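Data first, discussion second: the structure below is written as structure tokens.
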Amino acid sequence: MSDITSSAFIREDLVAERPAPVKTTGFIGLVRTRLFNSPTNILLTIAGALLLWFTIVPSVKFLVVDAVWSGNDRTSCLAETAGFAVGACWPYIQAKLPQLIYGFYPEAERWRVNLTLVLAVVLLLPLLIPRLPAKGFNAGLFFFAFPMVAFFLLHGGGLGGFGLSWTAGLLQLFDDSIIGAGQAVLSLSKSSSIGPLLWVVGNLILLVGTAIYWLIYPLTWLRDQLQGTGQSVWTDFAITAVVVTLIAFFLGGGVRAGWRALASSIAAFVAVAIIIKLMGLDHGGLPIVQTNLWGGLLVTLVVSVTGIVTSLPIGIVLALGRRSTIPLIRIFSIAFIEFWRGVPLITVLFFATYMLPLFLPGNFTVDGLVRALIGISLFTGAYQAENVRGGLAAIPRGQGEAAAALGLSWWKMTSLIVLPQALRHVIPNLVNSFISLFKDTSLVSIVALFDLLGSLRASFSDPKWSTPSTAFTGFAFAGIIYFIFCFGMSRYSLFVEHRLNAHRRN
Amino acid sequence: MSTEARKPPAQIALKIRRVLGGKTGWNGIAVQFAFAAILGWIAYEIVSNARTNLENQHIAAGFGFLRNNAGFDVNQTLISYTGSDTFLRVFMVGLLNTLIVSVVGIVFATTIGFIVALCRLSPNWLLSRIGELYVEIIRNLPLLFQILFWYLAVLAALPNPRQSISLLGIFFVSNRGLVVPSPIAESGFEAFLAVLALGIVASLALRFYARRALFQRGHLIRIWPYVLGLLFWLPLLTMLVFGPPFSFELPQLKGFNFAGGSRIIPEFVALALALSTYTAAFIAEIVRAGILSVHSGQMEAGASLGLSRGTTLRLIVVPQAMRVIVPPLTNQYLNLTKNSSLAVAIGYPDLVSVFAGTSLSQTGQAIEIIAMTMGVYLLISLITSAVMSIYGWRISRSLGA
Amino acid sequence: MSNSPIVKISGLNKWYGEFHVLRDIDLSVEKGERIVICGPSGSGKSTLIRCINALEEFQEGEIVVDGIELGPNLKHVDAVRREVGMVFQSFNLFPHLTVLENCTLAPIWVRNIPKKDAEINAMKFLERVKIPHQANKFPGQMSGGQQQRVAIARALTMNPKVMLFDEPTSALDPEMVKEVLDTMVDLAREGMTMLVVTHEMGFAREVANRVVFMDAGQIIEANTPNEFFANPQHARSKLFLSQILR
Amino acid sequence: MSNSPIVKISGLNKWYGEFHVLRDIDLSVEKGERIVICGPSGSGKSTLIRCINALEEFQEGEIVVDGIELGPNLKHVDAVRREVGMVFQSFNLFPHLTVLENCTLAPIWVRNIPKKDAEINAMKFLERVKIPHQANKFPGQMSGGQQQRVAIARALTMNPKVMLFDEPTSALDPEMVKEVLDTMVDLAREGMTMLVVTHEMGFAREVANRVVFMDAGQIIEANTPNEFFANPQHARSKLFLSQILR
Amino acid sequence: ADAQTLKTVKDRGMLSCGVSQGLPGFSSPDDKGNWTGLDVDVCRAIAGEIFNDPTKVKFVPLSAKDRFTALQSGEIDVLSRNTTWTISRDTSLGANFTGVTYYDGQGFMVKKSLKVNSALELNSASVCVQTGTTTEQNLADYFKANNMKYEVIAFGTNDETVKAYEAGRCDVFTTDQSGLYANRLKLANPGEHMVLPEIISKEPLGPMVRHGDDQWFDIVKWTLFALITTEELGVTAKNVDEKAKLENPELKRVLGSDGNFGEQLGLTKDWVVRIVKAVGNYGEMFDRNVGAGSPLAINRGLNNLWNKGGLQYAPPIR
């Protein structure tokens, strides 16, 4: 050993690496360093092990060891017949499985549900795998084409018209309401002290209404003519296609540069035509299955997927509104967001289910499932708005300035530069919202929609399967399904987060 | 030739335009008008439709119904209530039931949440895995699912009152809930209360004194033995002197149910249990993130100054972690309060259940009742966010950001 | 037409709240002229240049770019921005787009040029800044100098009549400053009209027609570089130069 | 007593898992000695210095600080830490406390000094690092250089016998390096025993009694600064110096 | 908007009918979602007379507390869901009862093992009840009147209430007697439970429609009367075609070959034929769903025709 205290020291031969005197890696290292390295830790380890022992062992015993695997009714799951204390009663799940998945969806039509599910998976998987190309196209298919196809597949029914008829109908509705308002004011004027003023206002509104009526008259006339012909859908479709395509062409830059818009418009319409033809939407489509027959996992998935697809745009619009400099829009967005975030979802569902119809015109009914969907979408939309706002705030100011300096308008800047980056930032938060949305769908069972949990509860009251372990078995089954979906999503969000972070680092 | 700084021109017109229309000026005003028109139109449609619909159906409008007799009973009331009380009273009963289950839920959720967070942060591998398992399982199952599970599955597994499980012969668990002895004040009650209050005040004073002693004279005083004495031994002593402060009315099986004692209904237990375990999983993650957000250098800096581990935690790490923890924690408290409305699924008489549920179907006045219910929740969350933003503002000020 | 200046600023005044940042600025820039703006920090150089591009509004005065008037209430903003390219200190490339996409975005969406043509055009400019082979990388994968050159190429793809540079080299590591300055010198040689805020006096000497010295929100001195560096007139300019030229 | 070294490290070995970070370190530091430790990144400098302060445990060897022994299983940790002050690269000030509170926390809670006295004492040290007027600011309101000087003052308030510095200037902007180094030079002049990990060779030349060069977890060379810089013996030291002195 | 329900129904091509979420004998779905029961048959009868197709009904299962809102909002056209006729419901809810399909009264069910024989022995019991019902209010009145204490546990749906009773959450389950019998079938061991003799209230159950549409009100009301009248006349689903051919003046009036009563209702002349073809007469309906021909096996009792000692009485069709 050289004397280090002397001021000069030079190491002649380097010390070689050698293994540590005690093992600190591998299983033994783990046991030594993280389980039994101090008296307190030993105690904690023992306590933990006991805890696990008393939870895992009974669970496994219930789910597997003591379970009954086959049978036709409750008797096979009773201790008297089985001869031992029965755990899970799996034949009950087997018997109720169709109900838990499809609800009362007619047996002969269930292939439609399966097909929709397959379509969803086929479209969703490539969207989730970051390596695959053509994300934009794929997302377009999933977010726009798929919901329509799924609607006609699941619900059935066909089209009575197309774009033109719809536009005409919508405008007419609007006009009717204006005329209605005018008449209301007129009738008020008879009893009011400011009668003459109201009379003038009422007549003015009526005048506007009548003007609009004549303005849109060609459109409504055309619609009525179309509806008269046998081929209303196709004629309407053709007219709509031509009009929309032309508009796209000229807005896209006309002869100079509009070819891209032209081509994509034509492609979109051809795709729509193929779908209409394939599903026979022009002559009634598939037999209608009313939504009150839907149930089980089907409803859970429909509600959550619709919620996911619709809440994001709502959230984006609200988030942009909240950052707008236009006072009314900002105030409205803030009030809207804070309102939905401040009330429990269940009251929102009550509101949508029982009060929405009171606010709609008398002859206008909205399907029960759709009402719940509206409530859930608005509710989740408000939460998504806050997520998106976080993302927007994280974009440096320079990005917007650079885009402005290049001459991009506010809309283009927002949609091409700001939003893509903002959304990328907040994917984990968005996915977390989706997870809570998926879990929250179970609340629709309180407003008499039979989702997975609702169907499960309904199946509990079947005396044919009433045994002491029925409820536990049902909960175990539904719990596993919920867990698989939610856990899958949360893992996926972690994966995306890691990828994003890795991307940001270099 | 340098120009002096001047005041900016007034540009009043521009400023007005800004206020009215935002950055885009006239365009903004136009957009606003269009937007206001659409909003107005929608509002008009809603009001006029609701009016015609209500008129057609002869539904009475207004809040007059609140003074009518409710005519039904509620099985858990914190204030006295009978079937002949008014709907307003029902509203209060429901609100109080919501608040009590929320408060209990919050207390337990916080406790469990901190414990689970500590487990997850524990150097013990097994314990941190168990914590993780808990969080992952609980977070990924719907709350309603868990409420129903605790209520239906577990309730079904409990015996009826005649065979109830007795703990020490004074607590009884059955499918009617948990029956505990109810305290009845005795002669020593006042003395006991007085001494307890004294103990608490003295402990606080002691803490204050200890701080001062440390800061002014450099005396570090260990106060916990004294506090223990004040809060535990002293009341015990008074009990010996003045006799027991209260006796317990023991529950006894009589007829169908237990007579005497206080009963906690299973709906409450299931709801509070589900709410607190569910929220605890989220709180655990928040606490963990908060503690991890305190840079490890802070702990090291404390250690290198010679501060003990406990002192470093108490004076350095926890205050910093709390800043990160408190805002999302409040959010969770709010969520828990809102989630307590799921009581309606298991028949616990909370606000939504007895007011937006039973009262609504007895009176049919959906608009008023739903509006009142939503309003209450909205009020709670608005007040909370107001308090939170004040808190946030104070923090950012004290950090000098 | 070529007689009239391409950028003409007259009587420009701007306030941030009560703070008078730009005071009575008059400046006109002829076509093909290359102006370097310098001055101490906080003197309002960035603000001036951002006003020309309508990134900031101003309260008094007038800016005319290529015959288009930009008044206090920002009319014709889009028209002006289409004629003016800008390069920022912090690059401000779009991180979610590749280099090529960065350069084709504006031509496609603002000028409605077909994607193919826009890409061919963009590659031309990327070659000019000497990074054509990096076209498919993301900005995050490139060095600062390369990013700034992409930013220059991106501005050029819109065929601006005037280019504005706001301290294009000050966020760069020293090794990279030169590659960016070289690019800018090339650009100047080709006759581009340029307004450059910079402290790189070598660059000013080499390419500027005129050096404008600002302080406290006003133009203190404007002169040819030779005159300005050799013989500053104003006391503040002297002080400033003594600090900056070691 | 003054004969025996104030820090004596012998046969120190440390592993991170399988990785042998510190190998057979022997080093003793006399009272008043100022040692600079340098070496390439990852060579174990920080680890060594953190072992002295018991922030890391080690598997073999012994560290004795002022007669107190610190074995592999970390006995006497508190006693040692009370004698040793440490300054970190990233300051590690407590952000929720004012500068003054940062400096009085440990004296009050560890040494049980009355608050008044602790504050008077702290102000003395804050004056020494030349920021007494900032005493009531929060760390977040100060520049990096000021923060690091507060960190030094904070360590000094405990009257340590040895001060450890782990790259105290490497997280600072160049303008601020000097103010911190000046503070450290002052400290050295006053006779404080110091172990400094740094790459500031100017500082090493000016104040160090000895420069210790580490690589791959071992001390390769230790010598007076003059000798070491003028005439490095070991191949690795030569290579390292050639890189670091331009 | 006054007289539009019939038009709305016709336009929709579907009658929207509110029923209970599952009460055997009155309205309950099987595993495939086919609805059966007395209340269900009323809906089918209405659909039958309008569309001549009893399957054109969309059944909307409603819990007790949602039912009126659903009716008010127009989500359903008729509420046929064991609902008690009371004055407050008739007046303040904006709805009208159209008649009585089943005369009922509230009763109690207990486990036999409790060894209780009368409702008066129920002091301090826990009682499960469905929320938002008259039952809930009757219960309060009854226990108060008899000076007994009790604990009420109220649930949103019938199934939840039964489930809680079965799980032992309460000692007593109370609802209309018909409901007690029906729900007893849902229990795992029906034999272990008994219905107590006391009937504590009058519970006339019947369909409900919205206020303000008299035409629709008439249609539903006279559907019930037609069901009873046909039973009086011995017209059944099997023999209706033969009966229609008979030259009996009353039969001719009722079955539509004489007079235009159907058209006056806004329907077709053969409206009664359509009804009977759809569901049979009241007696058949009763038998099939709750009476002797069903697992419930409830006696006709009060629900017999007026001329057989019961209360079912229909005004003449003329």
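The chains carry the letters A, B, C, D and E, assigned in the order they are written, with residues numbered from 1 in each.
Simple rule for what comes next: a residue touches a chain if its C-beta (ideal position, glycine included) is under 8 Å from a C-beta of that chain, and two chains touch if they have at least 3 such contacts.
Only a predicted model underlies this, so the values are computations on that prediction, with no experimental measurement involved.
Averaging the CA coordinates per chain and comparing them to the mean over all protein CA atoms picks out A as nearest.
Taking only C-alpha atoms, you rotate chain C by 165 degrees to land it on chain D; that is to the nearest 5. For the pairs A-D and A-B, the count of C-beta pairs in contact is higher at A-B. With centres set at the average Cα position, the gap from chain A to chain B is 29 Å. Here the spacing of chain B and chain C, counted between their Cα centres, is 57 Å.
The distance from the centre of chain D to the centre of chain E, each centre being the mean of the chain's C-alpha atoms, comes to 89 Å.
A straight line joining the Cα centres of chain A and chain E is 39 Å long. Counting partners per residue, chain D has no residue that reaches two or more other chains. Shown for chain B are the residues in touch with two or more other chains, namely 52-54, 56, 152, 156, 344-345, 360, 366.
Within chain E, the positions touching two or more other chains are listed as 1, 66, 69, 72-74, 156, 160, 163. Contacts between chains, counted with the stated touch criterion, involve the pairs A-B, A-C, A-D, A-E, B-C, B-D, B-E. On the side of chain A, the complex with chain C involves touching residues 252-253, 256-257, 259-260, 396, 398-399, 401-409, 412, 416-417, 420-421, 424, 503-504, 506. Of all residues in chain B, those touching chain D in their complex are 214-220, 295, 297-298, 300-301, 303-308, 311, 315-316, 319-320, 323, 398-401.
Residues of chain A touching chain B in their complex: 30, 34-35, 37, 41, 44-45, 47-49, 51-52, 177, 180-181, 184, 324-330, 332, 338-339, 341-347, 350-351, 354-355, 357-362, 435, 439-443, 445-446, 453, 457, 460, 468, 471-472, 475, 478-479, 482-483, 486-487, 490. Note for the complex: chain D touches chain A at residues 5, 15, 17-18, 20, 23-24, 26-28, 30, 59-60, 209-210, 216-224, 227, 233-234. The touching residues of chain A, when paired with chain E in their complex, are 74, 99, 103-104, 106-107, 290, 292-293, 353-358, 362-363, 365, 368, 446-448, 457-458, 460-461, 463, 466-467.
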